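See the structures that follow.
Two complexes come next, and they have one chain in common, chain A, joined by chain B in the first and chain C in the second.
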Partner chain A sequence: MVTKPQPGSIVKIKTQKETLQGTLLESPDSKVILLKLSSGYNIGIKKKDIKQIKTIKKPEKQNEIKQINKLEKKQELKNIALIVVGGTISSKLDSTTGAVKWLTNPNELLKFYPEIKDISNITKIEMPFMIASENMSYKHWKKIAKITQKLLNNTGIAGVIITAGTDFLHYISAALSFFLKNLNKPVVLTYSQRSSDRASSDARLNLICSAKVAISNISEVMLVGHSSINDDFCYAMLGTKVRKMHTSRRDAFKPINTKPIAKIWADKNKPIKILANNYRKRDNNKKVKLNIKFNENIALIKYYPGQKPDFLNNKYDGIILEGSGLGHLATKEAKYNWLPKLKKAIKSGTIICVTSQTIFGRVDPIVYSPGRQLAKTGVIHLGDMLSETAYIKLGWTLAQTKDPKKVKEIMLKNISKEFNPKLGIEFIN
Partner chain B sequence: MVTKPQPGSIVKIKTQKETLQGTLLESPDSKVILLKLSSGYNIGIKKKDIKQIKTIKKPEKQNEIKQINKLEKKQELKNIALIVVGGTISSKLDSTTGAVKWLTNPNELLKFYPEIKDISNITKIEMPFMIASENMSYKHWKKIAKITQKLLNNTGIAGVIITAGTDFLHYISAALSFFLKNLNKPVVLTYSQRSSDRASSDARLNLICSAKVAISNISEVMLVGHSSINDDFCYAMLGTKVRKMHTSRRDAFKPINTKPIAKIWADKNKPIKILANNYRKRDNNKKVKLNIKFNENIALIKYYPGQKPDFLNNKYDGIILEGSGLGHLATKEAKYNWLPKLKKAIKSGTIICVTSQTIFGRVDPIVYSPGRQLAKTGVIHLGDMLSETAYIKLGWTLAQTKDPKKVKEIMLKNISKEFNPKLGIEFIN
Partner chain C sequence: MTEYSKIGLKSGIEIHQQLDTHKLFCNCPSILRTEEPDFIVKRKLHAVAGESGEIDIAAEHEAKIDKIFNYQGYNNTTCLVELDEEPPHEINQEALKIVVQISLLLNAEILTISQIMRKTVIDGSNTSGFQRTVLIAKNGWIETEQGRVGIDSIALEEDAAKIVSKQENTATFRLDRLGIPLVEIATSPDIKSPKQAREVALHIGEILRACKVKRGIGTIRQDVNISISGSKRIEIKGVQDPRLIRKTIITEIQRQKQLVKNKQSRAEVRKAEQNGTTTFLRPLPGIARMYPETDLPLLKIPKKLIDEAKRNLPKLKSEKREKLRGIGLNEELIKLILKKDKLNDFEELSPIYKNKNLIAKLLVLWPQEIIKKTKPKNPLTLDIIETILQAINNNKITENNAKQVLREYLQGKSITESLKKQKTNISKLEQEIEQLIKNKPDLSIKAYMGLIMQKYKTQVSGKEVMDTLKKLVK
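Moving on, here comes the complex of A and B:
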């Protein structure tokens, strides 16, 4: 047993096997010492295994930047607006706990990354709330949509960048894709996987590329981020066809069942390379409208073998079922046959849609007999639509109508590029 | 409106826009005609859009191969056993419905793919049931494990191949990884995405490569299948670290958070290339034992923003929660704060484990404040373990003990390579 030096200190720890150096963190487990290594990873070491612990450097006092600096403006550059709602990109390391905490002033972000000011003037910064993306829900998405609409309809602003948490950033991008009607300018969501105060942060490239996209001619809701683990270029990805696919890599987001819209390099003079040809073009004269209602009485359920269909007892207005590859669920041969319960729920007015848990590809109920049995219950198979996008679209649709025929019609209509028509999904269903 | 020719017929259909030729299928929707194109895709055409429909060829009568042929045996080859439990690989197209149906005789498979007999003698074929993998659950996995054990302990057999449905094949591979103790020989699961009677079927390469792995020195539970959409080579992937990642591509399965164990070419003379160095080696003298008990009172829940923690009202013995990237769930700032309910459930004896819905990477509750709050409730974060593998492992563990400390110890122990120690998961928790 050893006594602990102060969290935030840089310490050297000797165990029987090795010697480790790093920043000491507050540990939630009293039997374990937590160390943040220079690689950025945290490791836990059992106290009983520690032979020696030596303080190399005591913790530094952190100075907060308190004042909001006047936003600079260069005549030759276009103006963009920034909405800051949390996430690692808006945070810095707290050296005592090893956890990250919010920047207290969004201008700090621009201080860390001044390059963005060579591409565009940030003339507005909005910071309605700071919250982890997994804790957001409809009320937050609605607020972001309203602020975005206002900024887009400001003739002095060329585009909007939203920085938020990565974990459920694709829910925010899907929500904005349906909430913002008659889009006129680029709406860019971006993130980082390392807090902005870290030299190795991926925020730099993501912010530079986001600014380039925000002043471009692509009028879509997009997520912009690293294309690979290298800091060379980003992709702009459709807000309805993107998903976080890695817990911590800088290229965590991948376009699903479609190509990226564009490739963007950090060099401000190197033009964006367009990869898709079906994007909407900027039209500064258009006015963005909102279609912002949402029915929150919905659920997203991932199917697993042996599952009881108990959730059907809850009175949801709609359910997205993440079925097997081609969109199957338990039928007669399974331990629990779902078909009678699905039929009953659909008859009583619940809308039930099916997506695929393989993520890539599209559901197709026609190929196999269990799929056909399932299709007969009245479930709606959603082609290549992502489960997360489907969840947002279903809540949005059920706020407009509860007529099952109309709901089906809207769910199968390609409203915000949530279907890739090249996958041929538009025929079946 | 047109009248329909007999399903199974080859027809030519003219609409205002185009002319299409294909096999007419039975349609579940009376307003739509279904056609299987030569590409293998089905398309639906609304009857009202059809100008003309012409029968090119009437349906052929299908001859079933009824007799079981004597299994051939070549002196110079090793003997392997085949377990057939369903899936596309064990099916052929029914030309009247366009759906696929089971082969009535497993020998048909070998007739379609005689090459496998140049690599090994198939001296035993077991066919305990034919069922889609999404309809399987513990009782099926148990049966497969028992048959596999018996075959592995037969000194005349070098290895076992199991052909099954793709959709939940990774559940079968995970179950066998925990159920079979003291493994002595290769256990190979394989599949196809196109039925075996189709010239374009991926069954050929998968079966040839599986046979090569079944006679190899790798004594692991593995899934063998296409490495890419080309028919050039397969990967052998660890049964606990593999997942179906595409609905229909031949390379649907991907190793997750680890490398493939081996690369296998179709050429029977080209040796397997080993990519991993931590695999178990064949030991024909070892006897396989079973550890086959399973607690089915468990659930797998995917978290989404705005979710109510209602499922905690059900009295599950254990739950796998597929959380955000780093393994977060709703905390105080969310619409529904899960923390008090999680604490209560854990206090009452429910084991709650957390995995990541990004699939790639590993959960880490220490980085952010919501993760720390969550860790304090007593949930168990499962590093880089796949949700599907975690589900199987939890059911298996809870059949051995209900002591929360012991359950945690087993869940965090690397029993069947379900953790990749290189990702550093073994310290934290």
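Moving on, here comes the complex of A and C:
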């Protein structure tokens, strides 16, 4: 009979061939028992081959990381707050069980990346939930915004850092860019692409640079991360004009259609270098307000040649269509002409906006006749706005008004630097 | 009791050998580069706290100095995996198969389920801060004159980046070597004498060379662990030549004896020098911290792979030599066949002719003699040798003519011409074919061929019949 000892126990396992002793680990495969041998290697044994399994020693109560009840504070340093909501940066490997888990105690983050404490005091750490960024939705963005507002309005806090998963981090940054009104201090989102157990983790540089930005004078929602695959400096990038452009590189995030706001080195004494001067300045006297409503009955859809426009029959309040380079969609000469369906949907009250799937550059419906035909249907072309930012802005706008005229006006108004009227030659890499 | 058991000698060997495949966790070729690098990536590594919050002392020591590591890469042989910018790809199946073969040759038990591990290394030689390694087999053994020596473990791991230069606060590594598959073989501490250590190293070396491993300087590294009664364990790194192992151990025993006498023995890692002495490298670190490679699933070695490895198990040189002696080959020819790696060819030709020494001469001895004098104008293939052997079988030429036929062929004549020149009488076969054509005119060449072959079966070669037919059928 095979009993079920706890992971972390020292066990003796008898099979037909041999007897093995080691530490039982959590196995990723339900048919396999995973055992750590004294050499440090982990090996698997098929459950069906096991004749007997005996616990020699139960796992010791895990040394709970000493609660840092009172977060350390150095007089000469400014205070910042951390919001931890998931992602590689806030997961760790549990060596007793061999599984990757979320941090359970926010103070652990400081244990992994102690250098941040040389830049600033971390006086508050909030961990409202832990969730992968692909599983987030409005509910989570709202929660993050609320906590951020509270922290920003705390006079003892100079800035806020939010750590989250990379994949949809630019959705969070876009949401905060619209949800937080009257911003007074820096709001920094950061991440890691390499886990904390690695000596090579990119989180260190990202966190150190984030802390430097959080105490700086730049009062914007920003994403801070590696500027290249070197561990030398980070960029601070505008929350509405940043996008994940690589699956795994540490410099995955790139500013799109704009310059980085600033360049930040790890060296504590090396000042931040401002690259774009039009940023909002810190004003500790201002109080941040929330404009946090969101209409979730919207969609973000990528157009492809030959696509059927049937989804337009669904009753969406708004749709962002990622069109061709200049923002075209199928017209008369296509197998499926979208124009009649678009007209019908718009007439029935759906707001339809068009962005570009080339990511870089600006949509322009005037240059070619298909664009002009499309513009006549009443779709709104969104200039150089990123599709992801447009999605967030549309949900946010449609929660304020459903009047098509007003929606169009808000969508085209530059609220959080989501538009750049002047695209230079340097904004592509 | 021998001189060494009296002093309580305990010794084990660890051998690292590069395999001859592409890299272990990416598709980059395992090529060492000498040109200027195409790019340099700058990185920092930091000590990472363990589960209980403590930082490994050795790791902390390294990380305290805020070192910058430069990694040299090449556009065509370096990828994001070596740069720690992409998760590892699936483990190289060819490398896995080679290690399974090595394990079988070392009589070890293959683990059918294992986990790829990360071994913490933060001296900069791994961009990730760890080395990936996976246990493939355990509990093997080899036989020596002084008894059996156990093989504790056989692991498959990635080689580290090569150090190019080192300053106080920076170090430069080249990424060409990072990720080349290595097999790590660790013996049990069963070795009882310096002589036995040498025998073990040579024996394992022979097994490795029978498999698909890299050859040449730097492709194999040998470490020796030694202790005697009263001494701490010493690890000697990088004995280049297995022939030096014996001398290195003898020298180290003398050093240890002195230290024990003065109560100065401490656990150390020492570097093996060319003359058999050693020099201090660093204190012996604790057991390396190993934890799972979470980017990859459990490694399952299918029965099919093991069975296939068993079927294609390479023969050791010593086994091959025995076998060739058994057939009656002389030592010079055996040496040549093994040196030129012609065993398979020899075995293919062997059934054709009874005099095995003649086959070996045609295959390895005479060609090199002839080629030494004049550059060959025709390629020597197995078919050519077979044709010559068949000509002897069919009494078209004699054994004494064989070398001359080979010479003329290599000097540019066609094989038919070379043979014809040696021919002493018109062959019986030719007469037979002429008669057949006369009796049954207007058949196709194929039809004549069929009839002749039916009659002569294996007494003549198909080629010979076809050549004659082509000549006679108009």
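The rule is simple: the second predicted complex is superposed on the first by the 346 of 429 C-alpha atoms of A that agree within 3 Å, B and C clash if a C-alpha of one lies under 4 Å from a C-alpha of the other, contacts with A are read in each partner's own complex, and residues count from 1 in each chain.
Following the convention adopted for this analysis, contacts are C-beta pairs under 8 Å (C-beta built on N, C-alpha and C of every residue); 3 or more make two chains touch, one makes a residue touch a chain.
All figures in this text were calculated on a predicted structure; none of them were measured in a lab.
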{"item": "Chain B versus chain C as contact partner of A:34, first or second or both or neither", "value": "both"}
{"item": "Chain C versus chain B, contacts on chain A by residue", "value": "B"}
{"item": "Which of chain B and chain C A:111 touches, first, second, both or neither", "value": "second"}
{"item": "Which of chain B and chain C A:43 touches, first, second, both or neither", "value": "both"}
{"item": "First, second, both or neither for A:170, with chain B first and chain C second", "value": "neither"}
{"item": "Partner chain(s) touched by A:249 [first = chain B, second = chain C, both, neither]", "value": "both"}
{"item": "First (chain B), second (chain C), both or neither touched by A:301", "value": "first"}
{"item": "Partner chain in contact with A:200 - chain B first, chain C second, else both or neither", "value": "second"}
{"item": "Which of chain B and chain C A:229 touches, first, second, both or neither", "value": "second"}
{"item": "Which superposed partner A:212 touches (first chain B, second chain C, both, neither)", "value": "neither"}
{"item": "Footprint overlap on chain A, comparing chain B with chain C", "value": "28, 34, 41-45, 98, 100, 247-249"}
{"item": "Footprint of chain A on chain C - complex, ascending", "value": "41-53, 59, 63, 80, 83-87, 109, 111-115, 117-120, 122, 127-130, 133-135, 152-153, 155, 287-292, 294, 297-298, 300"}
{"item": "Chain C contact footprint on chain A (complex, rising order)", "value": "17, 27-29, 32, 34, 37, 39-46, 62-63, 65-66, 93-96, 98, 100, 111-112, 115, 193-201, 204-205, 229-232, 247-250"}
{"item": "Chain A contact footprint on chain B (complex, rising order)", "value": "25, 28, 34, 41-45, 97-101, 131-139, 166-168, 171, 244-249, 252, 296, 299-307, 310-311, 314, 322-331, 333-335, 356, 358-364, 366-370, 372, 375-376, 388, 391, 424, 427-429"}
